[in-house]
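Here chain A shows up in two complexes: once beside chain B, once beside chain C.
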Partner chain A sequence: MTGGLLASELGLLFRRRRTWAMLCALAAIPILIAVAVRVSSAVPAGRGPAFLDRITQNGLFVGVTAMVVSVPLFLPLTVGVVAGDTIAGEAGQGTLRYLLVAPAGRIRLLLVKYGGAAVFVVVAPLVVALAGAGIGAALFPVGPVTLLSGDRIGTGEALARLLLIAAYLALSLLGLSAIGLFISTLTDVPVGAMAATVVLSVVSQVLDALPQLDWLHPWLFSHYWLDFGDLLRQPVSWESFAANAVLQGGYVAVFGALAYGRFITKDVLS
Partner chain B sequence: MSAPGPAAELSIETKGLTKRFGQQLAVDDVDLAVPKGAVFGFLGPNGSGKTTTIRLLLGLAAATGGSMRVLGEEMPGKLHDVLPRVGALVEGPAFYPFLSGAANLRRMDAADPYGSASTRHARVQSALERVGLTHAADKKVRAYSLGMKQRLGIANALLGPRELLVLDEPTNGLDPQGTREVRSLVRSLAADGATVFVSSHLLAEVEQICTHAAIMSAGRLVAQGTLAELRGAGQAWIRVLTPDPGAAAHVLTGLGLAVILSPDGGAPPGGVRPGTPAGRDAVLVATRRADRQTAAPGEFAGAGEPVAPEAMVAALVAAGVRVRGFATEQASLEDRFVALTGEGFDVVQ
Partner chain C sequence: MTRKWLRWLPAAAVPAVIAAGALTGSLPASAGDPLPPKTPQQVLELVARHGEPALSGTLEQSSNLGLPELPKTGAGTDASSAAWLELLTGPHTARVYRDGPENARIQVMDRLAERDATRHGNDVWLYNSKDNTAAHARIPADGAGHPGATDATATPDQLAAALLAKIDSSTAVTVGTDVRVAGRAAYNLVLTPKSDATLVASIAVAVDGQTGLPLGVEVKARGQADPAFRVAYTSLTLGAPDASVFNFSPPPGATVKEMTVPAHKQGQDSRHTAPQSKGSAHKPAVTGTGWDSVIEFPAGTAGPASNAAALLQQATVPVQGGRLLSTALVNVLVLDDGRVFAGSVPPERLQTAAAKK
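For the complex of A and B:
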């Protein structure tokens, strides 16, 4: 019967105007990029975000560029809002006590809440990719794509690679969602949990940029966020995908356990 | 106090239930006994620990000490077996403002693992109907009035067949019509065999609908029992205003009543505030003797047969006592409540 609750959770998430506003904002990123490139003269190679210079040759690169642009802040921001809201939002609103009395069961509720956040994590990069591909196709020529390895692939396969990158980003954000879930069990103030989650994602990226902290880098959940270039080679190199999966799995396990430990004993007094 | 039956006949039973918030004991060594099928009023001033007790009973918060049984099962160990049989309204309703009333109820029902999806629509409709919200079912809760939210909260407690309803101040914010409807709803639930545990500080309301009650004060349970026991069914008295106190006392004592000559018109413990005696007349207050507490209200048991008030007046007049005033009085729940919890306006910490 957990399926019923998960369906209800997804219905709740995707019926909120806030969720749609965030998805629209994400979709606006590739549209802005595409329009900007379209109305300006040719972008000199090597300037601006990665792949920006390729857009005029192939519209599909709008999606890739937009994903590169949204990884550091926009995607973590939306994921932080959704994950930080999971438990704290229900607590702040008072509905948490009624869910628990229903009884949703604390473990079941935690799983469903994480499931909802995970679905959002899949949808968010997908929106960026698809909006990018759509606007790119509308404003620029679309055709075979030259990969980083120099090979050329057809449009269909290029689209598949785009979706693969979206999947990579979804995977990348699972750890952050688990962190957000845990923080969400600590407070009854959803905004606080959201802000803390977003701040952590920024802190992690800043630490990742400091060469003095080399030893720490492989442990940071944002370490592999931008390493999806491997997916644009022929054949696809799965190395960073696998390393990322292990890292994110670790974060999900650790912060999932922390969230469990906290939520299972939490006094629901809101 | 009625002798508590075996554990199986109690819907709620707590022993030494305690909850501490930092330094403060919000619930302090509470022994509740709610008989099955009772409409149980849970009374107490603001901050006396009613809602906290309810949170403990529903497993929302962990007790610092003590044990509880709800519907015969150990809590919070058997939480998942017990809660589907319990409907609850805790500290006011809470809903998703961007969903309609019906969608909110469907959401809560989906959270109940026993809330079957195939009967959900029908159960939501009938719950809405029971609280008179059918017409507002598709309206966003954001646009509900306070009383409509309260009704929806009660509907949420009625989504399934319940053996126990825990309602924390159910009539809060309701109009007189709504209050009456809740009263009749509570009665009909009780008539269906459910136990209703209703917290309130509206004494008149509790007097109207409850069979039993408990009174909390500063986290402690200070009284509990049937309503009659709490009011002190024995705590009825007559008040006689007369210039012949000696003769009157003689007559009344002869009828088996305990007589107090009360120059200041003082009432028995827990009694009503007396009026000022007129002129230099004495006020006699005569109560039923402690060993004769079984008489029906309105009758005053003497040493022998119960004596009706009119017979007392006749006896007084026959003995030549000048009766200038005669009244029968009975303690109300409010008297008892104030006597137990204090009259001060300040919240007891």
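For the complex of A and C:
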């Protein structure tokens, strides 16, 4: 029952033109980077976003660079749109009432909506990584990859690390999508929920950059977003992965409970 | 209405559970002196005996020296010359691997970057992933004396006694309550300066109760609650790490600089030899004793040509007769005539020392 509901939710989500537009925009980031590096002269080491100077030597770095670039804004933006739309979108269209008439129940609807957002959260970084690896392989040589530690690994393992980074980013964005789900239960205006979610992600990153607030930093959901570099060390450092998982789990629990409290007690009029 | 309140119960309970968990986690675990009591001399003997076991661990360092900290805005990069200086500001995490005196590796883990120092046999490699540069040095075979070689004549207890006798006049050495570092019970050796004039309030060294390995150092400054400098293991595994960790060869495309190590016979570690190459022509003069000492470097020691000069200009404040670099632990007075006075004392004492000459 829930599975069927989730399947229909996913069908709805991935049949939307908006979803495809966002995924295409994400895929365009690595393509733009790769083409720009290809047509311009060599990038001096240590300039621009991390790993940009490695692209000409190894195309797989296009994926990594694109993920570095898209973490602060583009990924939270798309996730905010999807998560902010979950409940508010149905309410805004006036379809929420009909969904609740069915014996689905509010809890199940909430779970299914979050499940749909979570699937998008997995797909979005994967699109960036795979589009990056693809365009990188097409335009640049591909070979053993130099890690941050200076060690080298083979192409197969490098691809595995790339997928691991995508998984890390998916995990990183789960907290934000839970926040989006909660905000989405507060309003009937989907655009407002989307904007609020995206703004929160920016605010969190700004706070994370202020050294005066370092007591707050471990509690910010964006704190570990850029620490996926730990997966590019030799040996892999799993500490940030674990800390990030705990943090995101906390955010999912808190904002899931808040969304539950709000959605269960909400008067659904539209 | 009561039913409505019940629905909000999870939303109130989950943060409460998390807050409770965070609070209990942050409370200092009451170690309760699990180790047999030892005198300072016995703890020092334990340190002298530890014999550098093979290990892999994670070190965490934080400094609170009052130096300006650069915000870590993720994807950005900075000039490489300041990269190693930057170690003095802000927190850092590093992984340490060691296997015997000739195999060691330190990985300073920056965000999306890493600085590596590897020693394998007589080869020492430095690598910075940010600008993809590597530096290589070969330690002269005869200079690579084992660290224990010079100590071979003295037994650990003699060493401990000699060290204690040396610092006894200026420093009170005590063993505080046991601490837990990296999940291990450790003796807490506390050095407290007897002088009131120094900026250092105390230095605490955590000594592993089992192996005698120093697990952490904490330096406190006067009038500052947080430690001014702290470095400690957060995790530690005894036993030889994977041998591949020590095999370093520069990645293709990296800029490799060859460094020559001066062949004087005291370096077991290249990092310690670097600062001493200068200044043999003009020796610094020391006034005062113990913790109150003020070191005077004659004019011309601080090379104005170095990249650090601009950085120094930013970090210092103008005072009468020169510029002052003030940190929680050390004050450095750079006079207009080029002389430099440094010491772990208040700036007034540096100025008095400067005026005497």
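Keep this in mind: the second predicted complex is superposed on the first by the 270 of 270 C-alpha atoms of A that agree within 3 Å, B and C clash if a C-alpha of one lies under 4 Å from a C-alpha of the other, contacts with A are read in each partner's own complex, and residues count from 1 in each chain.
Everything below uses one rule, namely that a contact is a pair of C-beta atoms (placed from the backbone, for glycine too) under 8 Å apart; a residue touches a chain by one contact, two chains touch by 3 or more.
Worth saying up front: this structure is predicted, and the values here are computed from it rather than measured.
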Joint occupancy of chain A by chain B and chain C, clash or fit: fit
Partner chain in contact with A:A7 - chain B first, chain C second, else both or neither: first
Partner chain in contact with A:D85 - chain B first, chain C second, else both or neither: neither
Touched partner set for A:Q57, first chain B, second chain C, both or neither: second
Touching partner for A:E239 - first (chain B), second (chain C), both, neither: second
Comparing the two partners chain B and chain C, which touches a greater set of residues in chain A: C
Partner chain(s) touched by A:A257 [first = chain B, second = chain C, both, neither]: second
Which of chain B and chain C A:D188 touches, first, second, both or neither: neither
Degrees between the directions from chain A toward chain B and toward chain C, using C-alpha centres, nearest 10: 140
Which of chain B and chain C A:T265 touches, first, second, both or neither: both
Minimum distance between Cα atoms of chain B and chain C in the superposition (Å): 9
Those residues of chain A which chain B touches in one complex and chain C touches in the other: 265
Complex contacts: residues of chain A adjacent to chain B: 1-2, 4-5, 7-8, 11-12, 15-17, 93-95, 97-105, 108-109, 265, 267-269
Residues of chain B touching chain A in the complex: 55, 58-62, 79-80, 83-84, 86, 88, 90-96, 98-99, 106-115, 117, 156
Contact set on chain A toward chain C in their complex: 45-51, 53-54, 57, 68-69, 71-72, 146, 148-152, 209-211, 226-227, 229-230, 233, 235, 237, 239, 250, 253-254, 257-258, 260-262, 264-265
Partner chain A, residues of chain C touching it in the complex: 4, 7-11, 13-15, 18, 58, 69, 71-75, 77, 80, 90, 95, 107, 109, 111-114, 116, 125, 127, 129-134, 242, 245, 248, 250-255
